[in-house]
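Following this line, the structures themselves.
The two complexes that follow have subunit A in common; it is paired with subunit B in the first and with subunit C in the second.
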Partner chain A sequence: MTGQTIVLAADVPFPPTVEDFFLPSIVPWGGDNVWLTKITLLVWLSVAILIVFFLWAYRNPQMVPTRRQWLAESIYGFVRNNIAVDMIGREGVRFAPYLATLFTFIFVMNLWSIIPFAQISPMSHIAFPIVLALISWVLFIYLGFRKHGIGYLKHALVPPAPWFILPILVPIEFFSNFIVRPFSLAVRLFANMFAGHMLLLVFTLGGFAMINSNVLLAPISVLSWAMTIALTFLDLAVIALQAYVFTVLTASYIQGSLAEEAH
Partner chain B sequence: MNVAEVVGSTAAIGYGLAAIGPGIGVGLVFASYIQSTARQPEAARITQPFMWIGFAVVEVLALLGIAFGFIWQGTIP
Partner chain C sequence: MAGQQPPQNPRKDDAAPPPDSGTGMVAISYLIGGMLVWGGIGWLVDHWLGTKGIAMGIGAVVGGAAGVFLIVRRLGA
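Up next, the complex of A and B:
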């Protein structure tokens, strides 16, 4: 019996890799098919939860809000007052529905990364953030052209600066306004969710790897799992923060497109 | 005989180096926000969205490091 290690989970593959994000399909069970995986299921669930929650909360609106109406109204009110109106100004109310949808959708999608049995966010696949970033990108460019006409190009690309510095500034402005903005929106959300999931994997699987290699390391394994719990709370903060940051940045880009004079 | 041997991915070293700059940057963002609210407490709500924007813009550099670390993974032979 001596020398036998306690096997809590047989052969845990220790350094977690990118492969861990590509889960087997549900129908057919365990196959390579990508059309219905846990990720797909979670996206549809998020959409369903949001639609049902807001319809249910507003089914029978009261003058004095009921508790569920209060919850829905405070979420919408937060986005409307603290993001849309604060960042864009009074005409920001027009964009409050889009911003509120963006905020709640990203929040629910991110929240899956710490909900037991789901424990992976669809946002940790870059495809979903890319689509959201593209919608915001098209929106602020469209608004800019509608507000300023073709003059939007001058508004966005030519900062008030001496003429001899413009050959350098215009390409930089183009690069930062039209290329870096959508790219960084998508990568920020994706990388936060990816890194959050990776951290939890490292500490959970690391605990198993240590206890499997040597029983004397068991106390450190317990420490590692305690860290997992602590990091779950950190992840909760990151989840809310990233939903907020994505919405605030979208609002600030819209504000930039609608501004009267350059910058 | 190898006196010291290093095996594994160089991306780990690269990410460590890449995180220095954003670390300092995020520290500066929050330090400035704390300083400004200490001097002018009533401005706290006005400057808060800008703090988060600044934080997000700086933070994305570290996150690019994570993403690119996985994309361009080199290993020490």
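Up next, the complex of A and C:
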């Protein structure tokens, strides 16, 4: 049994570990240097693709949109009308650029996890979701203080309740508004992308591990690879959903900071 | 584009408004947050008094109740 495991480990690394997410440098002289890995390359590519796409789509805007202009306008219009305005109200229009950037950036970054040869999303490293969550966190706190002044603390922390239970409620409000919010934004996105990549690794490598250990297991290996294809489509749904959820929650926090009275 | 106002009337090709997932997350975070905050404070009290978990238990129950109260008040049951 032990001997067999060692032989297997020589063929394909199974089970996949967290180490599989830390990729080597892609420049041959890089060694253990982590400043230019596939992850970094994909981040730069995402930024470049978004900038080039939106500039190119809007280079020569027509009254009757061309196809690429239609695509860019549809994406922006969706975020503006169906997220920003629906959740924040009419003044939500001024947050539409930020929300649209957030949505498209997260979507493209997530999409790498199912694109052939890339096949890992930078979002499966928690550093990237943390930075995005911190930006949204600073934004809604800043907006709250600008709208309500120092009264924002009362607005955010003091619920409508009799005074004698406030000492119990205020710490909970503080915890859930200022600590859980950025934490859950970051962890939700990270965990979904991490788990998606891990699932694909398990089913792909598991197929090889089974077929290597016993030829009779070959049909199950094929089943495992078929599952990989099915899970890739599931991942596509998760990718779009997580980009959407991150944007909607950011919009809802902004709305909470701008609301007139505590509710 | 940011300055342009959104269409006044709903159009047929508008997507559905976003589901109110924010409200659900708020409810969950109040409930779990309440139990964590007051359970944690109870845990500290346990350490301070040398008791074995009784304050943490009381804290978690009180925190859970306070979380439910907050959900009712903030979200309107």
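Keep this in mind: the second predicted complex is superposed on the first by the 250 of 263 C-alpha atoms of A that agree within 3 Å, B and C clash if a C-alpha of one lies under 4 Å from a C-alpha of the other, contacts with A are read in each partner's own complex, and residues count from 1 in each chain.
Here, a residue touches a chain if its C-beta (ideal position, glycine included) is under 8 Å from a C-beta of that chain, and two chains touch if they have at least 3 such contacts.
Worth saying up front: this structure is predicted, and the values here are computed from it rather than measured.
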Contact breadth on subunit A, by residue count: subunit C or subunit B: C
Touched partner set for A:Ser184, first subunit B, second subunit C, both or neither: both
First, second, both or neither for A:Ala161, with subunit B first and subunit C second: second
Partner chain in contact with A:Val248 - subunit B first, subunit C second, else both or neither: both
Touched partner set for A:Arg94, first subunit B, second subunit C, both or neither: second
First (subunit B), second (subunit C), both or neither touched by A:Ile172: second
Contacts of A:Asp86 with subunit B and subunit C, given as first, second, both or neither: both
On subunit A, the residue positions that both subunit B and subunit C contact, one per complex: 83, 86-87, 184, 244-245, 248-249, 252
Residues of subunit B defined as touching subunit A within the complex: 49, 52-53, 55-57, 59-60, 63-64, 66-67, 70
Complex contacts: residues of subunit C adjacent to subunit A: 1-7, 14-18, 21-22, 25-26, 29-30, 32-34, 36-38, 41, 62-63, 66-67, 69-70, 73-74
Subunit A residues within the subunit B interface of the complex: 18, 83, 86-87, 184, 187-188, 190-192, 194-195, 241, 244-245, 248-249, 252
List of subunit A residues in touch with subunit C within their complex: 76, 78, 80-83, 85-87, 90, 93-94, 96-97, 159-161, 165, 168-169, 171-173, 175-176, 180-181, 184, 244-245, 248-249, 251-253, 262-263
